[in-house]
Amino acid sequence: MGNSFGQLFRVTTFGESHGAGVGAVIDGCPPGVPLAAADIQPWLDRRRPGQSALATPRDEADAVEILSGVFDGRTTGTPIALLARNNNARSGDYDNLRDTYRPSHADFTYDAKYGFRDYRGGGRASARETIGRVAAGAVAAKVLAVLLPALEIRAYVESVQDIAMPPHDTFPTLAEVDASPVRCPDPAAAALMAARIAAARDAGDSVGGVIRCRVRGAPAGLGEPVFDRLEADLAKAMLSIPASKGFEIGSGFAGVLLAGSAHNDAFVVHDGKVCAETNRSGGVQGGISNGAEVFFRTAFKPVATISLPQRTVDKSGAEVLLAARGRHDPCVLPRAVPIIEAMTALVFLDHFLRDHAQNHSTSSALFSAT
Amino acid sequence: MGNSFGQLFRVTTFGESHGAGVGAVIDGCPPGVPLAAADIQPWLDRRRPGQSALATPRDEADAVEILSGVFDGRTTGTPIALLARNNNARSGDYDNLRDTYRPSHADFTYDAKYGFRDYRGGGRASARETIGRVAAGAVAAKVLAVLLPALEIRAYVESVQDIAMPPHDTFPTLAEVDASPVRCPDPAAAALMAARIAAARDAGDSVGGVIRCRVRGAPAGLGEPVFDRLEADLAKAMLSIPASKGFEIGSGFAGVLLAGSAHNDAFVVHDGKVCAETNRSGGVQGGISNGAEVFFRTAFKPVATISLPQRTVDKSGAEVLLAARGRHDPCVLPRAVPIIEAMTALVFLDHFLRDHAQNHSTSSALFSAT
Amino acid sequence: MGNSFGQLFRVTTFGESHGAGVGAVIDGCPPGVPLAAADIQPWLDRRRPGQSALATPRDEADAVEILSGVFDGRTTGTPIALLARNNNARSGDYDNLRDTYRPSHADFTYDAKYGFRDYRGGGRASARETIGRVAAGAVAAKVLAVLLPALEIRAYVESVQDIAMPPHDTFPTLAEVDASPVRCPDPAAAALMAARIAAARDAGDSVGGVIRCRVRGAPAGLGEPVFDRLEADLAKAMLSIPASKGFEIGSGFAGVLLAGSAHNDAFVVHDGKVCAETNRSGGVQGGISNGAEVFFRTAFKPVATISLPQRTVDKSGAEVLLAARGRHDPCVLPRAVPIIEAMTALVFLDHFLRDHAQNHSTSSALFSAT
Amino acid sequence: MGNSFGQLFRVTTFGESHGAGVGAVIDGCPPGVPLAAADIQPWLDRRRPGQSALATPRDEADAVEILSGVFDGRTTGTPIALLARNNNARSGDYDNLRDTYRPSHADFTYDAKYGFRDYRGGGRASARETIGRVAAGAVAAKVLAVLLPALEIRAYVESVQDIAMPPHDTFPTLAEVDASPVRCPDPAAAALMAARIAAARDAGDSVGGVIRCRVRGAPAGLGEPVFDRLEADLAKAMLSIPASKGFEIGSGFAGVLLAGSAHNDAFVVHDGKVCAETNRSGGVQGGISNGAEVFFRTAFKPVATISLPQRTVDKSGAEVLLAARGRHDPCVLPRAVPIIEAMTALVFLDHFLRDHAQNHSTSSALFSAT
């Protein structure tokens, strides 16, 4: 009972790794927006395995089908159902996991919660679940392109373990991000990261890192205090992604080192518009966007599935020595980039619609008259 | 439209700093739980200003009244409305803020979103808003004491700027935390933090820091994948607190430095129970609690309100030199400790009820029979 | 956990008959709308007891206080908390009800559900609960006056037992409705109804009837298929009112007697606008308003509280002969009129905002361009 | 944004008449419940067209596929996605409806709301939409069979136009209901109804009627005052079904004719249990089930689609003479019976889970101890 996201642009995802398929239903999509499967597929292609030697060699086509909600190439305002069939399911790879609890995986907790579980390929806890979100995020991006054409969302890998790229002053293009399979727009850092990931792969181990996401062109006014602040919903969105362990916005954890006088963002007037001179706030103040760039960072732990043998136990409590046989990624970050962009698109679109409903239904004359 | 929190134990807060009062309505509270205003008041007393020389000298009684939902000393299952009247409102302190946008405050964004704002004392964006959540959290804690008597929630200040306490191996008692006005259970670190806060106060400046929260005694099984993971809802809860800028659970941002083989928590059997030998997961795996201690950290920026003069602009775009005249805290952290504990109680109770509804309504015979 | 109503203009009510007070919190109110307690009070005055000899002689002032969400006479967009203190609580009247289950009351079911109950004056099941909804409905009406100035909502008593007014061709004014204490705009029928109610009162008995509600000036397009159809939400709203037992829209139950060829509403063009020539649909087609008058009828059973002695049992199962001693209405309908108008206002405003969010955020250019 | 139903057992439906398919996603299903497509198919078979000469001759297999949420023949607690492909779509039948507004259909209102529509076969407004609800209701019925094995839900056609069956004292079996294609358990009335429907069909016309639904074996305690009363959610569920125009529970509209003394249901003790001697309340008091049979009636207007020529207009405002060419039912009632049972199952299961979460999480010791 936690498989829906959003209040007005509401996404419900479904599907297990080795069931019939995975997908999503979107309720509340504005009508009239051009949409085809071809708009969604590139997002899934960025997310899918087998893109490079750095990722799992599984070849999953992840072809998406639009089952409803689109007519004559445009959204109709009715629910949009999206389905990607599972077609490369080698369930046999997972027979040994029926009774075994993989370290730092969801095997034990799903059993504890639901009494039993679909153990094939992680079942619902598989990263394959994210196909539904990414497909829905692709639709959100199409709608945002109509509603907020100036908005741009760009995520990229900022660090892998201790290898961190230098600060990137410009807003990177999609091409710059995707230039390397690591999805780090700094070529030198990307090369080091790629080597690190390859080394982990060869050692049967895995690595983690941090992804930065930047959003520019968002209007001031998005975010719903006091609980549904923009940063609160972004934090929830990011922590809902498998393997994420941390979130920070603006100055984040480093900002605690500064005094208030050094941290505050002074307001100035540029081109007749009030704006903040600096941006330690990360584009949000009091839970509401202020018109500046919104940026935040998400930490991903190293992938739990590794080939190195690990001690664990099975259901009966017996000790087991486990070595993953299935296909897996040594580093989740490159494939997490489109997931983060998708979740960010969902948050921004939902907040745009919420703000629009409450604050842009009354005539502006209402205010000028008083 | 973002003033409610929780799905089954649902809290809606209301109130501005200088209106008639602040409070909350709780819908979905289990019936029969002993409850009186005296159960809530200590939580508000820990949150209120004027507790020590380190906090604002405002003396706000914050006396809570239970308006409904309690009869003969027990909750009835109907909505519990809680009200704390505002009674020390020196609105005059804020007249100069009618048209001025304080740096890193919500003045500008509230204007941008709603068209105008209650500028007195920050209005809805005032930390005074948190009274409603803390009162509701106190009720949640009473209910948890019945439903999950083994559960304990303890938050404390772990760092102020660069002053960090050493790791605390034992689970600190409430008395240890409250022994110092800083709410750091390490006496030596607490003394250094107190001096740093006092120095900031004397300089007309402010400081931030990090609060750790620890939860022990939670059962395995809490958390609702894929979006309402336990850590996702905790992240949202924490990022919804004023001045928070970051959240991490378990190994968090530091965990990205480790290889998977070093990060994974091996399962072992202790006293016939499956449990994790280490706890870099922070008590959650796949979005669900695993029975281990749940711990997480929240970063708070330095308070935006400072006495030092700051450049900013007013509504008309004119430059203004602003120095806060109102009463304010040089450091929000000591008072944020009960807020974090309250939000944590709300998350755990709500997730307990959600898990109970779905997974503990069917007879266990259902599973043993198959 | 069922004390909230609405998705975007969301009302949560609280309070028991003999607790500290009753009220509501509204989240999602558009900002900038003029609002004062004086706008709400007339609604409560129409609802309150003691208005005429036909109603209970209890004199409850039901004075409403706005606790939050309004500044300088206008809504701020933050939660609006409304409170009416209880001040005429003669709890002693109800001591004999502690253990007795009144026939057709909620005493037994509240005990069955929650384990115990606040038995004073019906507790949460008292009609006094409706103060919160009526106050919230008054706020909704103020907002609708800004958003949809052509919209008019008018409810009136159409029948008391078998006394039915003739069809009213014109849209009655508020003055016509309130001309008689029965709130029936047909003077002859109203006189008969008043006599019938007085006779029931004198006999220690009670009577029921039907209220018609008419809404004109609603735009086409309100209602959210497939579950949140306009008529579905109206039905829910009406059946949530104490003592209601039936709802019908348009031709309703009588419409089943007609053939489709006689029932269908032909479309025609009037003044260049597509509209239905007849209105057996009741202003809704496919769950969405079509621009015609929306009208529906709600059935109210006779009040359960009567002075005549009745057989029943107490908690221990012992037989009891019960005669109501408290103050009560012989007929709930005159006071239910503003309750129905309030619930109707809540439904229409919520649906306006929902429609606005999804369907009026995209530029109309989107459609013309294709 | 109204395509979800339920709070804890939450169903989201999707699909248009002539798109790729229709279906539903269920979130919150308790785990461990035996489930296969074969459990759902009989419900769809009762709903589908072509069952008898009284229904449309369209032959739609409506074969359901379970895409997710079931493993090893049992529900896993994760989302259950259900899909029925559309496979008999003669879209050409509807080309003439692209620009024409059929009387009393949703063509005009969908255009008014969304700007354009999928006009093929009614699109989302087609009764084909109800496949998703019926499939979800079938799942709910399977869960109820585990949670509340004594619960029985039975709907049947009580009247067609002015032909009404006599009161049925016993609780009819499924076989009795399905003995006639009309789904009226009284053979004599069923024969008259069948003749009336056939006559309407032959005349190119249509008829409406009333369906009664009865629920026995429900425990006392279901229903969530004050807004989510059991009867309020039932009313909403029924009014959300296409072509429904009225709802009444217990004594309903007829009950308004009685005096309170004649209407009240006296409590008595039977077999040591408190129960109501009569049942004019219809099994609900104060919005909560009292353990008696819950019964209610739903009115369905005559089907809007008829073969007789009708006047209407097209988009341009030009007058059109329209005669339906597509395949259609002369009477919706026989096929609406399983739809009503499905919606009723959804309401009861959702309310069981809600009640369970709030009121059965605390130990009963809590109450006995006080």
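A, B, C and D are the chain letters, set down in written order, and residue numbers restart from 1 in every chain.
Keep this in mind: a residue touches a chain if its C-beta (ideal position, glycine included) is under 8 Å from a C-beta of that chain, and two chains touch if they have at least 3 such contacts.
Small disclaimer: the values here were computed from a predicted structure and weren't measured.
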{"item": "Centroid comparison with subunit C (C-alpha atoms), farthest chain", "value": "A"}
{"item": "Winner on C-beta contact pairs when B-D is weighed against A-D", "value": "A-D"}
{"item": "Mean-CA-position distance for subunit D and subunit A (Å)", "value": "38"}
{"item": "Centre distance in Å when subunit B and subunit D are each reduced to the mean of their C-alpha atoms", "value": "44"}
{"item": "Residue numbers of subunit C (touch at least two other chains)", "value": "1-4, 8, 13, 28, 31-32, 74, 77-78, 113-116, 124, 225, 354, 357-359, 366-367"}
{"item": "Subunit C - residues contacting subunit A, complex", "value": "8, 28-33, 74, 77-78, 146-147, 225, 352-354, 356-359, 361-363, 366-367, 370"}
{"item": "Touch list for subunit B against partner subunit C, complex", "value": "1-4, 8, 10, 12-16, 19-23, 25, 27-28, 31-32, 65-72, 74, 76-81, 83, 113-118, 123-124"}
{"item": "Residues on subunit A engaged by subunit B in the complex (per definition of touch)", "value": "1-5, 7, 13, 101, 103-106, 108-110, 112-116, 124-125, 129, 133, 159, 161-162, 200, 205-210, 220-229, 231-240, 242, 245-253, 255-261, 263-269, 272, 274, 276, 280-282, 284-291, 299-306, 308, 310-313, 317, 319, 354-355, 357-359, 364, 366-367"}
